[in-house]
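Next up: some structures, all given as structure tokens.
Both of the next two complexes hold chain A, though its partner changes from chain B to chain C.
Up next is the complex of A and B:
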């Protein structure tokens, strides 16, 4: 597998030499491979947001290096616009960055900054709106009159219209109701399936467990745990110590194991745990 | 943008922190007047000694205080240069055409620069050691007599404390939006003046929208807790003068006496 993002020994200190000095990242190394769906988990203030800013060259990587598709983001000759074309970054509450009069013009802001011709911009805006599930009729609407969930879709479309091959989302489901949350995550799954490498920051274990191939757990600016969801979720105690949790089904599996039932350690999804329980109690049949 | 220390509160606990904010406000004004009264470098040394004491007794440190001078560096340098080249007093040290440097010019240039630096340092002692809340409390209390003639003392101090409270929030917000737009390829740094001004639109529109939203939410939250202006409103923290305040007034008065003596004796 080819790696598209390589972070090596990255450290970031905010406001050095002042009473407000804060070490946000401490010797962080991680890799994201082509076509992966990687989850980045951590408690508030664990350095997640600082880390994703580095991946888009919004912060300087010093000390440490960040490579995106082999480009060293710290190097002087690196053109930042090349990196930002490659990596799409969707911040937390992205709806607060909307500013244009119409949805169409707001989504076109990114592609216009790439100096594309008008025909191409129009094509991309239409494609991005379709991808995020916004109706054609909203093209001329003011983004400020939309609902919260729709605004967020406009903001994400604005990033997607730049055609990034890597998409990074910081808490994309924050502040949405359960239905909006599911819709948003399914939307991201769809984007991933269209061939985009996705990095999702979240603190919901259920969400990352359901969608991600691989997880990194950040705690106090350090990578505390990493691996496939099943490998991470067996460290229930450690995760709780970091102010995090494991998915509800993994808790059930652990409780059953503690009582001496034979449930595999890696089971965390609803289907796996249900299957294990059904197997144990001899009913067999459909897990869902 | 985040490195501006001037006007920033530095949390701590010491003699200066425990002074009544009214005392500190009045004494800071007195200290600034003192900087203007001083006609000698000895006088400046006296004030600088006082600033040093402030810096070390509060554990803020001189280095941190001097950082507050950074935004004013241009003004200080300009004053210094203007005085140096334009004053024509005393002996001539060097000359190029119409420009000449004289001994009097050097003295005035250094004198003015030191005066400006001391002004900044003295006013910084106030803002560094007084939380914005107690600062506005002190101002409200000092302005209260004016409310008899219809001056809205409470409203002004409430507006000030809200404004002060939201400066860091709005700065953070600006930074967030700036990054979000930069991630979408916005360029805030290059281009001519008109291009740069137009590049600010994607930053300013979301910022205004969010500022209005915050103001609306804050007003709602205040009304929900029965805020209806200053009349009849009591304070949780009552301001009271202590022995410390007397000691501080005494110290500044002593500095005044010394300064007047220096001036009268005509020391350098």
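Up next is the complex of A and C:
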């Protein structure tokens, strides 16, 4: 597998040599491979947002190095605009960043800055709107008259219109209602399936368990755990100690193991846990 | 219920220029000391309903009574004495640059004597566990801590009811748990009636009673167990049901006899042991 993001021994200190000095990142190394869906988890202040800013060259990396598709973001000769064309970053509550009069113009803002021709811009806006599930008819609407979930889709479409090969989203489902949350995560799954490498920052273990291939857990600026969801969720006690949670079914699996049930250590999805329970009771059938 | 602290009778609210009523004929009694959770998808009318309890919005028809006082323009201040409100975004509720000054803001506006303000602010900050941060700058606090400051500001006014409008939506899991547990404690120990609007089912299952709103009306009402037993209906209303109930449904479908209304991990583990482990 080819890596598209390589972070090596990255440390970041805010306000060094002041009373407010804070070590946000402490010797962090991680890899994201082509086509992966990686989850980044951690409590508030764990360093997630600082790390994400580094991946888009919004923060400078020192000491440490960050490579995006082999480009060293710290090197003098690196053109940051090249990096930002590869890496699309969707901030938390991105709908607060909408500013244009129409949905179409808001989405077109980035591509227009790339000096693309009109036809190409229109094509990209259409494609981005389709990818995020916004109806054509909304092109001329004011983004400010849309619902919260739709506004967020417009903001994401604006990032997608830059055709990034890597998409990083900081808490994309925060503040949405359960149906909106499911819709947003399915949308991101669709973007991932279209060939984009995705890094998603989230507080929700249920969400990262369901959607991500691999997880990194940040705590106090360090990578505390990493691996496939099943490998991470067996560390229930440690995760709780870091102010995080595990999916409900992983908790049940642990509670049942404690009572002597034979439930495999990595089980965390409802289907897996149900299958293990049914096997225990000799019901062998499918859960879903 | 004659001693209801909140009494709504066919209450409705229509925003200027809107075609439909945001709250469309809600009748509801809330008993003193109750912890009521309100669920519903975005745009279902939850926030509009909460804003009427605090006289931020005046019902366009029907009646809302808070502590026996009819919600109206004239009674707005009297209503707010009884019902305080905590909103979603911690950054939008902080007005001062020092924690204790922020907490004192409402009392000062009401002309409470300085020594009384001092006493009430200290008490409120102690209650929310932020006494030692009294002189901190709110900008140095986490989202959960800011919400606790906002709650202290409301508590200092000694309301009988507090309406929380998605006050945990923007917090991380730790902040969310802290703020929710604080609201539960205020409810259990101080007897403050709580109206808790949320999208998080794991919070709603711990309320005394749950109502689910859709299109401005109450669609489901009852104990958490009663409401969430309607799995299909709850999902159709744009909500979620607790994971253990979904698991119970799956297990039952496969022929394992666990109760349909199993809500929590502990209950499920117990039930499975009873099944003959």
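A few comments on the model shown:
Here is the rule we use: the second predicted complex is superposed on the first by the 288 of 288 C-alpha atoms of A that agree within 3 Å, B and C clash if a C-alpha of one lies under 4 Å from a C-alpha of the other, contacts with A are read in each partner's own complex, and residues count from 1 in each chain.
The rule is simple: contacts are C-beta pairs under 8 Å (C-beta built on N, C-alpha and C of every residue); 3 or more make two chains touch, one makes a residue touch a chain.
In this text, all values refer to a predicted model and were calculated from it rather than measured experimentally.
When the shared chain is aligned, chain C comes close enough to touch A:281, but chain B does not.
In the superposed model, A:249 makes contact with chain C only, not with chain B. The larger set of touched chain A residues comes from C, when the choice is between chain B and chain C. Contacts of A:178 after superposition: chain C is touched, whereas chain B is not reached. Contact with neither chain B nor chain C is seen for A:1 once the two complexes are overlaid on the shared chain.
Of the two partner chains placed around the shared chain by superposition, chain B is the only one that A:113 touches, whereas chain C remains out of contact. In the superposed pair of complexes, A:94 makes contact with chain B only, with no contact to chain C. Those residues of chain B that touch chain A in the shared complex are 2-3, 5, 10-11, 64, 176-177, 179-187, 201-202, 205-206, 209-210.
Those residues of chain A whose C-beta lies close enough to touch chain B in the complex are 14-15, 18-19, 53, 56, 58, 81, 84-85, 88-89, 91, 94, 96-99, 109-110, 113-114, 144, 158-159, 162. In the complex of the two chains, the chain A residues touching chain C come out as 20, 43-45, 147-149, 174-181, 203, 206, 243-245, 247-249, 251-252, 255-256, 259-261, 270-271, 273-274, 277-278, 280-281, 283, 285-288. By the touch criterion given at the top, residues 40-43, 88, 140, 142-144, 166, 169-175, 199, 201, 238-240, 242-244, 246-247, 250-251, 253-256, 265-266, 268-269, 272-273, 275-277 of chain C touch chain A in their complex.
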